[in-house]
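Got some structures for you, see below.
Here chain A shows up in two complexes: once beside chain B, once beside chain C.
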Partner chain A sequence: MKKLKIRNWSSINDHEVVLNGERKLTLKSDDTADQKLEFAYRALGVAYPKFFKMDAQSKLGWLSAEYLTKDGKLFDGTPSQDVALVLSNRKSSLDTDEQYQLSLQNEEEFLPSPAVFVYTLANIVAGEICIRHGIKGENNFLISEGFDASSLVNYVSILFEEELCQQCLVGWVEAYRGTLRSVLAFIETTTDEKATMLFTEEYLKQLYQTSEL
Partner chain B sequence: MQKPVYIVNDHILSAIGTSTDSNWENVLKEKSGIALIDPLFPADQPIYGSQVKDYEQITSAATKLENLFLYSIQQLLRQSNLKSSNDRLMLFVSTTKGNIDLLQNEKSPSSDRVHLAAMAAFIQQELGLKHTPTVVSNACISGVLAIQTAALYIKHGYIDHAIVTGGDLFSKFTLSGFYSFKALSAGICKPFDKNRDGINLGEAVGTVLLTNDPTTAKGTYAVELTGYGSSNDANHISGPSRDGSGLSLAVKKALKHSPVSAIDVINAHGTATLYNDNMESLAFQQLGLSDAPLNSLKGYYGHTLGAAGVLEVIISIRSMLSNTVVKSLGYDEQGTDGKVNVAKTFIKKDIQTVLKTASGFGGCNAALILKKA
Partner chain C sequence: MSELIAKLKQQIVEQLNLADVDPATIDENAPLFGEGLGLDSIDALELILLMQKNYNIKIATAEEGQKIFSSVRAMADFIEAYKKA
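Showing the complex of A and B:
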């Protein structure tokens, strides 16, 4: 079995943005989710106008990945087709599904929006992250009742064993009715005997629980 | 030593049949399940689609989609030796929108099952399956990807058997969305044809049984899964890459252990939109697969979303077992920039291997290689 470690990880919830366990940004409790997401975006100091077209969940995932970059890059030197992205959540795209459903209620002025509809799939946030960072490798979006560290570690470990990837961004991204929650970890192999932050079920679960505070 | 993974049994519930046998017979008769339908909203074009109208209610507690899933999985289990209580068996559910119709009725007792994992858990409990199901929701590649995911779990010893079921409803939600994209055909779709003008949506459930032990699982056949891979175009969230390079990456990964020359048939995604089919044609040309007979099954079923990958794998297996390349219904004249060899008729041919591909929103692509065991 290959030894896998977490290179770095980020989490965003309603209160803060955290990188490798350290608070990077405090989010104002009386701000709306949209305001918080925009605040976290501005704090990065990058220009990515497409950000403003995204739904809340895509913004959240995009930001979580962005906080893991160094000099604007999520990875460097690895062929883009060897970088995988495995995401999960409970709500799928329900936040935007509900908005889209509302637009269907009015039969008099029936004008469903393609710009909203396109975000009514769980994996659109994955597409946004792939576009931003040029990730062309394995994709998967797993829906579970709660954070399922075991399935994520098992599946990602298999991708490495099968040589279907050399590096992988994995985690949970969910925005629903104004509540934000994401934890993303960047996984790579290591040969270092003393490596810390090993990619194990226990450790990943711990990261998710930390993000709850 | 890792054991090979096989598909050994299957079931289809669709507009053209309530069993794989009846589906296959109707495919051979060139019968399409696509018909003019009530669009469910004011539309400025005729709307065609395929719907499952007659289905058995397994339990009154279940939604329509859950009843379709339960029926299909129960039929599959009846055809095999496996007990649903088998400790080494896991359910994998492929769906894009699940019980999306519940959004219209939030007061329904089943309203929590608008959550895909809650829907899957309900199916698990109704069937008495031991493990929490794995739910794959990755747009139009969900079915192919769920088969890949299940196969990898088996290959790496986490489980020995997997039921992979894929399904989606024909819903106002999805239909209006594709309508808003101006992606719906004004007639019955024509994949890869010069005059193709968009997709038809369809409703179906397809279910396969995967195992590392065809004897125990009592397969009616054994088809090995020898390659798989997925990719992302990293280009656009709602449009395919123009050059097909993303799909090529997924196919190359799947082909890692098989030479291109060994691909006897390609069962493409072939949604019949201008851009998708063109993208696929460029990918297959780049891969040196221009001469392999190719088909899309969307002319029979429409685009069945979460069911598509599973259902199309099942028809491809029938095609292998009967050494018959399925006619690509709706195709008449070459209409893509890349050269592809679209099957205009049913062709008798020794088929040892099939390449199955899918592509979807979010820029995702997936490929599987099926090989006769």
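Showing the complex of A and C:
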């Protein structure tokens, strides 16, 4: 079995942006989710106009990945087809689905937005991250009742064992009715006997629980 | 006409969520797609919506859309002509 470690991880919730356990940004409690996401985006100092076209969940996932970059790169030297992406959440794209449904029900002004419609799929957030970082490897979005660390670790471990990836971004991304929560971890192999932050079910579960605080 | 052009620029920025674009900096003669604002196919659909919502104009064909959305000025010209018709 390959030994897997977490190179770095980020989490974003309604209160803060955290990188490797260290608070990078405090989010204002009075701000709306959109304002918090824009604040976190501006703090990065990058120019990516497409960000403003995304729905809240895609912005959240995009930001979570962006905070894991170094010099704008999520990975360096690994072929893009060997980098995988495995995301999960509970509510799929329900936040945007509901918004779109409301526009369909508006009889007075029946003008459903195509720009909203394109985000009515959970894995669009995966697409946004892949486009940003040029990821061309295996990618999947799993919907589960709650954070399923066991399935995520099993699935990602198989990807590594079957040599379907050399590195993998994995975690939870969910934005729903103004509540934000994401935890993303960048996984790679290690031969270091003393390596900490090993990619185990317990550790991943711990990261998710930490993100709730 | 210049008032309509200024209004259209503002509406485009709002409809397409071009958050960091100052409407005043949009060149009304520059192509909207491919270069200039770098709009994509979803933006094209949003522009159709903009014309319908604000000017009650329905774009009938893709060819017509290509012509109307070639620049902000072309959009303004079409709206003016539509009002007179």
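Couple of notes before you dig in:
Throughout what follows, the second predicted complex is superposed on the first by the 210 of 213 C-alpha atoms of A that agree within 3 Å, B and C clash if a C-alpha of one lies under 4 Å from a C-alpha of the other, contacts with A are read in each partner's own complex, and residues count from 1 in each chain.
One rule holds in what follows: a residue touches a chain if its C-beta (ideal position, glycine included) is under 8 Å from a C-beta of that chain, and two chains touch if they have at least 3 such contacts.
Only a predicted model underlies this, so the values are computations on that prediction, with no experimental measurement involved.
Considered on the superposed chain A, chain B and chain C are sterically compatible, since they fit side by side. Of the two partner chains, chain B and chain C are each touched by A:113. In the overlay built on the shared chain, the residue A:1 is in contact with neither chain B nor chain C. Within the superposed three-chain model, A:126 lies in touch with chain B and out of touch with chain C [touch as defined at top]. Between the Cα centres of chain B and chain C, as seen from that of chain A, there is an angle of 80°, stated in steps of 10. Partner contacting the larger number of chain A residues, of chain B and chain C: B. By the document's definition of touching, of the two partners only chain C reaches A:49; chain B does not.
The least CA distance from chain B to chain C in the superposed model is 7 Å. Within chain A, the residues touching chain B in one complex and chain C in the other are 111, 113-114, 118.
Interface of chain C with chain A (complex): residues 16-21, 38, 42-43, 45-46, 49, 52-53. Residues of chain A touching chain B in their complex: 80-81, 85, 90-92, 94, 97-98, 100-101, 104, 107, 110-114, 117-118, 120-124, 126-128, 130-131, 133-145, 151, 154-155, 158-159, 161-162, 164. Chain A makes touch with chain C in their complex at residues 38, 47, 49, 52-53, 109, 111, 113-115, 118. Contacts from chain B toward chain A in the complex involve residues 41-42, 96-98, 100, 103-104, 114-118, 120-121, 132, 134-139, 141, 145, 149, 152-153, 155-156, 158, 172-173, 176-177, 179-181, 229-238, 246, 249, 253, 360-364.
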